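Encoded as structure tokens, here's the structure I'll be asking about.
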């Protein structure tokens, strides 16, 4: 008899009952705010799924995304996802290196043609032929094109991959671009964040595994379940904002009393992510709870919003010289207009004098 | 966020520059015209010009009772949206933060619920003003495109601001960007249309105050 | 609340939340009693603080059944003092991962799956084959 | 010189036979000349709120929006924005403000002359404090230059130029004074070479109200003043000021001022006439560019001084009266208390109208409207406001301090077949002098 190669089968062989799938289904449904009726569908879908081949490409990145995803070291609910996927290539995590590693990637691609998922962290440099990041003599762009060609879907993990992130920040010396600009015609998900919330990554993967399709996405291709609401909308400090109670500095009475951090630059109102609800480190806290405003790390161009401590409602860039120049120009134009008006009047007065002379 | 960055960045800088340029241009352009010297002796006991001007500026804040009979709506409604705009513009904390970043001064704001309520009232009042302008035979006759443009550019920031805070319409950051852009449009138009009355009222009332004060006449 | 702990305390007293939850539970419980329709209320998406959670559990109390499940981490299940209202709490990496109120005869997670049972039956048969003596009545010694 | 109507039916008169563009250009140039700082500020400030409409007796009594005061300024405003305003160069560059057309000027002639008495009530209603009345007076300068003035006003203009007065030739003045003196038995001073007081007159006094001429004399004789009438400078009413004929305004002003200075008068007494007060008290100095060496006062101010200082004693009438505030004297002149002090001196119990003092309604005939027969129907409509006020007051007397107001009100009453006498403050004082 052929061994059961579904995930349920694998788990059973390890002596784990289907309760695991039910529990995991509950967990994912709760994370993604799916209706309770979806729990069973998720559980059944996962149980019937086969191990998903995943090829993880790292480009211009800091490995923070990988750190975020693999943060926990005990086999728990949160990292059960590693039992559901087959991480066939991941430079940081895999034991082999060099040509053997590349061979593993090619083998996985061949074996799972059209079925494997490519996860990318990091942006791709495009300037000067992409020479700023190469692996085994091939540019990031070449590797990406080559790998994505036969993939089922692409998941851009982290803000660098999703939107360009730090490498793309001004002045963007390497000509870094987001993965989405290079991947056409493939199902594509962005899990932005610097780093992204691990639950958002696992939730999205589990959803794909269970249902065989992408979850509902927003206009930036992010799963709405995790990026549907702003930090501000779900922030526990929101009532302070509504009442007009703010911290004016990080060390003032307002800050100590946990007032809203809007005035010290919190980008919560325009940042879509689930930090305020899912939180970090197993639900311990999130930046605002720790007393620092949201940086807006899951949004495009977040490095270039004029500074992390500049309040959202203030102008970007220096106004002084522009306004001074404008005032001078305005004065000059005003004087000019008045002189022109006076010359009109003089002209008329001269014509009056002529009339008088005639008389 | 790109639209928002554009709104907060180049758009706001540009429109504020145009605002300053236009306001200075218009004020200088008018004030640099030749003055009209009045050599007639002032009435005995006439106030000095500066005092007459200041008195007129305040005197004109409240209409004579007799003009209220037919001007009640215009007056009350005018007060409602002027106060409403002042409260929303100057007492909403994010706005105060903006002002602080520009001028370095700040003051306490009001709770958002109050601002939203006042904003709604202001929007209603502005709609009332428009309805009146569109139906009153006098206003229909004397209104110009300037009046409608000025109305629209005053209404839009209020409407987009309310929509943004109430999460109506587009996504928040887009609504916020549209709100800022509508303010930019307001700022650009301000010096060139009748919105300029926010500065001119002092000059206009003051000039008549000086004329009337000199004659010992009441305003 | 002292100033020092305020920055880390996430609860903004919100008296309405627990009350609303209880009303919702009551409505679902009534429905279950009349029609047998089961439901689950996920507390995860709600802005629940530890204080909220404590207040809710205080109100619901403890009933006759409580169980602990050990599957990819711990899960605690107990019936509240209101029959048919269950609390199911899945733990992840030390912290609560999923927190549910389940209104049913019995929470699903407690029940064994028949597919697991089929496998178990096979396992039991194999075990019996390996140790046939076990079925004989043991002698008193 | 023929009466015409525009496409919309508005009447207009045309003087001279110049081409339309020439007229238009003349008007524009004159408009442009007038914009000093204050006028420019006011041109910039209108909010189009329409508050001024309800201040205007012509709008209130006709309900026709075209009489909204600010609307009467439209061509003037257009000229301002095209040629003087801070953005004028831009307007011209991009053709955003078209030039004023001759048709527009024709259309507006009746609004600027027939439809405005320069009463200035709108100025008080304007929340921005725009002095609309002053602007209309300035707009008339351009209309005059364009030869677009009601014929009757233009006729008075020419008469004044020829005779030195729109009412009577200078040569007849001395006779009129002597006749009035004989008729009322008052010794008259005429053409004395030196005097402290020079008395000037208004047209109505040379025709209908000649008693006023002897009444002034009676009072001045009573206080033993050194005074005289003067053929060289007697006409205080200034038709140039009303019509917008600036050279004539200057000529008529200089005539009475130069004459009074020559005679060595310390005081020039203006007749009971509103516009005379505006032209002489507030604008005379402008033609000299300096402070004048004599005092210019209105008859009412003079009477009030005499009464309150006790230089004349009056018999107490012990009756009731209401008072019509002449706009140019009170609202635009600041002489509000003086007439009331005189009425008190006469022992008249004053019942104030609901809107009085600076808020008084115009008689409807100021700014030349009473002389402009074309405007009669409009003027009679406006009169209804005053009539109602007087009827509501239910007093024995109805007094005013301006000859033009008095004529307007008398004509209005006559037209309404309403038996109401309008009395002059001066005449009442003269008639009740204590011996």
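Lettered A, B, C and D in written order, each chain numbered from 1.
As a convention for this text, a contact is a pair of C-beta atoms (placed from the backbone, for glycine too) under 8 Å apart; a residue touches a chain by one contact, two chains touch by 3 or more.
Note that the structure is a prediction, hence the values are computed from the model and not measured.
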Chain groups still in contact once chain A is set aside, others held in place: B, D | C
Chains in simultaneous contact with chain A and chain B: D
Chain ID, smallest distance between chain and overall C-alpha centroids: B
Between A-C and B-D, the pair with more C-beta contacts: B-D
Chain centre separation (chain A, chain C; CA means) in Å: 34
Where chain B and chain C are represented by their mean Cα positions, the distance between them in whole Å: 61
Inter-centroid spacing, chain D versus chain C (mean Cα positions, whole Å): 96
Residues within chain B bordering two or more other chains: 25-26, 28-31, 33-34
Where chain A touches two or more other chains, by residue: 333-334, 337-338, 341, 345
Interface hub residues of chain C, defined as touching at least two other chains: none
Touching pairs - complete list by chain label: A-B, A-C, A-D, B-D
Parts of chain A lying in touch with chain C, wherever the complex brings them together: 8, 12, 16-20, 22-24, 26-27, 29-31, 33, 36, 39-40, 72, 74-78, 80, 234, 236-237, 239, 255-258, 277, 282-285, 289-291
Residue ranges of chain D in contact with chain B within the complex: 35-42, 44-51, 53-55, 59, 65-66, 68, 70-71, 84-87, 123-131, 134, 281-286, 288-292, 295, 330-336, 354-355, 357-359
In the complex, chain B residues that touch chain D: 25-26, 28-31, 33-41, 43, 56, 60, 63-64, 66-67, 69-71, 74-75, 78, 133, 136-144, 146-147, 192, 194, 196-197, 200-201, 203-209, 211-212, 215-219
Touching residues (chain side chain B, partner chain A) in the complex: 1-2, 4-5, 8-10, 12-14, 16-34, 93-95, 97-98, 100-102, 108-113, 167, 171-173, 176
Residues of chain A that touch chain D when the two form their complex: 333-334, 336-338, 340-341, 344-345, 347-349, 351-352
